[in-house]
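You will see two complexes here that share subunit A, one where it goes with subunit B and one where it goes with subunit C.
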Partner chain A sequence: MRSSSHHSGAAVAESDSVRTPPFLRLVAAGLLILMMPLAATANGGTIRIGMTASDIPLTSGAPNSGFEGVRFTGMTLYDALVSWDLSQADQPAPLVPQLAESWSVSEEDPRVWTFNLRQGVEFHDGSPFNADAVVFNFDKVFDEASPQFDARQAAQVVARLPAYESIRKVDEYTVEITTKTPDSMLINQLPFMFFSSPAHWEALGRDWGAFEQDPSGTGPFRLSSLEPREQAVLVPNANYWDESRMAQAERIVLVPIPEATTRANALLSGQVDWIENPPADTLPMLESRGFQITSNGYPHLWPWQFSFLEDSPWLDRNVRHAANLAVNREEIQVLLAGNMVPAQGLLLPGDPAFGNPDFTIEYDPEQAMALLAESGFGPDNPVEATILISTSGSGQMQPQEMNELIQQQLSQVGIEVEFEVLVWESLFDNWRQGAEHSGSRGAHATNITFATHDPFAAIIRFLDTNSAPPNSLNWGYYSNSEVDALIADLRETFDAEENLSVYRQLHEAIVEDAPYLFVGHDTGPRAMAPGVAGFVQAQSWFQDLTPVHMAD
Partner chain B sequence: MLSFVFRRLLYVIPIALAVAAVCFSLVHLAPGDPLTAVIPPDAPQEVVAAITRAYGMDRPLVVQFGSWLGRAVQGDLGVSVATGRPVLIDIQRALGNTLLLASAAAVLGFGIGILLGVVAAVHIGGPIDRVATAIAITGVSIPHYWLGLLLVVVFSVYLDWLPSMGAASGGSANWGWNWDSLRYLVLPAVTMSFIPMGIVTRTVRAAVAEILHSEFVMALRAKGMGSARIALHVGKNAAPTIMAVMGLQFGYLLGGSILVETVFSWPGTGYLLNTAIFQRDIPLLQGVILVLAMFFVGLNLLVDLLQSFADPRIRRG
Partner chain C sequence: MDQSLGPQGLQSRVEEYAEQARDIARSRGYWATVLHRLLRDPVSMACALVLLTLILLAVLAPWLTPYNPSQGSMLNRLAGIGTPGHWLGTDGQGRDMLTRLMYGGRYSLVMGIMPVLIAFFIGTAMGVTAGFVGGWANSLIMRTTDVFFAFPAVLLAIAISGALGAGFVNAMVSLTLVFIPPIARVAEGVTTAVRHLDFVEAARASGAGALTIIRVHILGNVLGPVFIYATSLVSVCMILAAGLSFLGLGVRPPAAEWGLMLNTLRQSLYVQPWVSVLPGAMIFLTSLCFNLLSDGLRSAMDIKR
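Coming up: the complex of A and B.
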């Protein structure tokens, strides 16, 4: 399946060695042996991974299938200018330089960022990574007039880089990116921009379809073969530039198995060595049969997003606080066999930006009832609200059971909720339509989970006044001048320390104002065969597959 | 005979058109935006508009239907929204896999069904009949995805005899006529064979029993004809009914069961349909439904023609 160009490189090397004098060959062999621990560090083994996707995510540099795609065919085959350090389990994964070694923001015009690119990096086809390659790739998704423009890749990437406006090559290893407005969040958006080889695209006749079968990035893995809907085989990139992240397995086989029970059975019968998101009820059995279960909180929130339209009971902050105090999150955790981190805010409790909000989210029904009484509600005059929910959906955990439990808990303090159950697709489409739209059926909150890995994803798209429909996902038309001012401030604060401090204030303000019912964070359980070694589950949607291998 | 074939072929045209219209409109009536799979929910308005334009989904539905039908007639079913691969290529691959599975299930289901049906008809009313009927009813009633899961738990998880999913080691492209590949076929084929086995058993039993008690069979017996030759007459008379049922059943099998193929991750048409539904991949969904529907139409035509060969009375009717 690999391109002939790749093999022809090896063929040239072999024919060269035939003409080399014997003693030189000996020296070369000696050098090779010395270099071996650096180059071919594979501990070996094949790891077959059962993904939840129903197809192999796109491999040409802009994966589909959501973050699972980014995880398996994005960060394996490709690198970004900036990415996350996924080597630690005990803190939310921080951003680190990857293909950009350093960057700076212009003081005269804070819209202009200069990136110094890493030198000596090669694509899998052997062509150099440089400023031209970076410009080529941005044009691939942002410039409809460029020959390399690909609508499919654009659909995946453009929405994830809302700050970007234009790019310019400064010299061989320097590029300048200009944002639409001064926006510190560009850096959080860059991990989703992967770099495909321009030379390889040319060699394949400028055909992204062919590139899909035979991609070339700079990542720690190369694609060895691709069978659509059945499997993709990744092998180590022996020339990877980052020696600390050399792939340890000989092969990683990605197998799409969308049906959860089938995934578990495939693991149990030894057809795969690792499954994503095993069904919760199989976890105890898997564990008792010696399989490893890993899990860790990650930037995901399971909330009710409140409406702030005129008829909404959630307009009263006391009611919002009361609801947050009436939910017993530990009971919900038990319902989910432990697979949830109780929410204390929008961000994970250990996040550096969590801060120290004045309002503590915990289970305190007495306080909840006191707050409701203060606002004139009581047993004879309960708060009444309708919530939009689905019975399934990507990232929704177990929505029906969880919502029913919350319904009972709220009822105990005098908040009576009813559910409008929608098909997941309709609920999801309604997110953008907003609470006012007829599709919302007059509901006062919507229950859609989301990623909270950066300030834009976690906050701006939902809570900035400008994000109200149809602009973005401020479904409930939330508008808070303090939050808006902090968001504006955050965008224009480029110093990392100061930026974190503003982000912290923003998070504190949001927890205190409680525009959500904060319920929990998913823990992304995975199950693996006993032999799988080296995996560290980072607090992230993304995971590093390079250290993973089969123990002897 | 030729005019009968021609007439039956003509009927196919309005049926095919109606099938195409129904499948196009049903897909568009379903909730959710057709581009949900490719556009993140927080994409800016202009991005949504540009991508909708790029996929041609900003045009009126009638225009979209017209252009889709125009291309479909020429064998071009468009390009998958999610993967960019031509829909036809995906369908061809999937159909090959489903054909394999359907044939294996048909051989099993029809073979056992005919055997049980004949045995039951010959011993009608007796204990053998009751057992055969019980098996048939079980076959029809058992939810086959549940049966599939059960077989996987027993034969893959506990006994570790057979693979639990997939079409061959390393993907269906590596499939070959050897035990290593055939192992993958066993559980899904057995699961899929249960319903046709039950239905064929019942049909054969009823048809054969009725003919066995008809006057001409009694006359043949009275004439002293051997049971082998009587069986030939009975078979020929029962064939049209049984063929019609088997044709329909084979059609269902070819459609690939969404549930069975999903439970076994068998890369056939049912699994493809499932993927298309999950990804809201409308061109793929329309393409698969159309091709499957046309298979049904074609298979019905074939059965009609075969029946008319077996029983000339049908041609005149």
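Coming up: the complex of A and C.
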């Protein structure tokens, strides 16, 4: 009796005073306990989200599992110096100040950037966000000698911030970041650098493992509980500094469901309220049963990233062009129930930096065969290649079905491909290891999708000669002096207009050289229960969960 | 003999006939009798017929179907059962289901039978060696196989396949490894039981060498029970193989294999439920037939009692 009354102190004290019979007190306490979850869901409700990841992404500050991790355990629990404004559906998401209020690039030395930090921001544990915390976090991933260095977080972040060289505290709310070379793209890389509480890490005995279970960031949500491979529960951060982004739901529950049909079934059976990337064939059925379907084109590419090692058939540009001309993207759209924008290049067709490339990507099997014949390939001497693919993954759409279809289409012009199937996490890890690594199993291309929201994300990390492993994600060791020169030019062009012009030339050069099989752009389909409200699907890989709630 | 048969007389008459039947059986030979008994078992025969049909369909697939199992037409995707030209419908890429099921039998049947067959030879050799030699050899072999028993078969198959990497051959290797320990254990048990029987001692006393004793006296007694046990594993192996492919650890896409087909078609469950369950039905039918046939074989071989 006594032990149960501890849970509801006030009510039981009252019932003690009127000397209620013991069994009634037990019933009262039981009812109160039953009512507690009801009271908790009344305001804003609980949204359970079925993610495509197979585990809860890392919660200590640098999420794994690709950009889906950034979306769910990065931007929710943490903030960055700059981030995207994800509140609009009708325009590409722009970069906006977040924990940095403003910044400037030194005129004497364009490698030096000064950031003025937002004041009065607190971590979830109540400790202040300041220049020391910023320096602490950069050292956490870049300085192996620092006590707070965490290899797991570093593995996620370092490749995303190749411009960074060093950081210096100027005063309590000012830091100075120096880049390796003058680099206008630093600003595009900073959204991936999240800030964990140094004080909380100290309080947990300097243990990042413990920090994962009990993290402390500055983000709009706090982590309430974490059960690896099962669920993570996010609750609003009542002290969040940005009043326009106060979390509206009472709880967000993240559930990893890597298998697409299982996700759809979980939504149908009411186990979750929201699923990422439902299988295309279930969309008409879900819609007819009253579920909300959202989608929006966004800067994303579903490619095969070619290897340029000696044994790769893709070294021959004719073969690369032929493959791009042999893919019938309209058929793939049919497979995906329309949820794909056919690729004409790396960027979305309407992107201001798309330009006017000389090579037009379209379905033209005759031209493909002519190009192959020019290079000495033909029906008796097909091009042979092995491709690394996954069966699921963040942004991968429906990889197995799409790849099988592409395989059939390529086969018709004389390009015979085989697949090596890896689990998504292995495929993703291999991206950083490169085509030479044994984990690539001698494959000639890898099928990993990526965001293309800025020149760094879209191009530099994959196609700059200096981005070859282990520096960044130039998996195939692509090296093109024209592309390198344009990237160097882009880095040093700080004027917005000129920057766009260089970016346009760069995109044109890449489409013409075709270091990828350009297949399509995702539209990020999502399905939600009828009661889910407030969600605005931004034109971005990333989405803001703060306005989401359950309608009454 | 007395005309009026009492209960005891009837009993003796029955025993007499039974003895005659045994004589006939002996005159026919053991395996001929087994076959004879098997042929008179309608369930076993039906299963054997189904399996034979499946094997023929798989082997003769290129001559029986005009379609290529890995080329389809997106215009015809997810056609229903009974569609003209595609009797069993088409899959998500418009490939003919009947064709893919026929070709799929090639992988699925081979993956169901071959690992067990190889494990039968290796496991029997290991078990007989362990049982006959005894002592340290027994300890070494049997304790090593005991390690494998620490893991459930499914988990072990997934773990080994995962370590070796996806692929048809690797899946076969992992399944073979999974089935060697149980077969070795059965073979060792029977060998140990037979080793000290009088006829073995007699053979040894009359100067027969170890290999002769194993070949003539031990294997003759061991192969029967181990073979029956191995046939019962085929259905398990088929399901495990399909499971590996389902998980992406078996054959590579776009190969038509029932487990992989089932995985791919799951997405279309809400559009064409009947087409989507076809590969599962094939796996079910085939493993059921193997199981019933194995049961029938066991009864047929159980002549002595």
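Assorted remarks:
In this text, the second predicted complex is superposed on the first by the 335 of 552 C-alpha atoms of A that agree within 3 Å, B and C clash if a C-alpha of one lies under 4 Å from a C-alpha of the other, contacts with A are read in each partner's own complex, and residues count from 1 in each chain.
In this section, a residue touches a chain if its C-beta (ideal position, glycine included) is under 8 Å from a C-beta of that chain, and two chains touch if they have at least 3 such contacts.
Since this is a predicted model, take the numbers as computed values, not measurements.
Of the two partner chains placed by superposition, only subunit C is touched by A:Leu335; subunit B is not. When the two complexes are overlaid on their common chain A, residue A:Glu418 makes contact with subunit C while staying clear of subunit B.
Of the two partner chains, both subunit B and subunit C are touched by A:Thr261. When both complexes are overlaid on chain A, the residue A:Thr360 reaches neither subunit B nor subunit C. In the overlay built on the shared chain, the residue A:Glu212 is in contact with subunit B alone; subunit C does not reach it.
Shared-chain residue A:Glu401: touches subunit C; no touch with subunit B.
After superposition on the shared chain, subunit A has more residues touched by B, the comparison being subunit B against subunit C.
When the two structures are aligned on the shared chain, A:Thr391 is found in touch with subunit C, with no touch to subunit B. Of the two partner chains, subunit B is the only one that A:Asn471 touches; subunit C does not reach it. Residues common to the contacts of subunit A with subunit B and with subunit C across the two structures: 261, 422-423.
By the touch criterion stated above, subunit B contacts subunit A in their complex at residues 30-33, 35-45, 47, 50-51, 54-55, 82-85, 90, 93, 149, 152-153, 156-157, 160, 163-167, 170-173, 262-265, 267, 271-272, 274-275, 278-280. Against subunit C, the residues of subunit A that register as touching in their complex are 260-261, 264, 279-282, 285, 331, 334-335, 391, 398, 400-401, 403-405, 407-408, 411, 418-423, 441. By the touch criterion stated above, subunit A contacts subunit B in their complex at residues 54-55, 58, 64, 144, 151-152, 154-156, 158-160, 162, 208-209, 212, 227-231, 255-259, 261-262, 265-266, 268-271, 422-423, 425-426, 428-429, 431-432, 461, 470-473. Within the complex, the subunit C residues that touch subunit A are 70-72, 74, 77-78, 92-93, 165-166, 248, 252-254, 263-264, 266-271.
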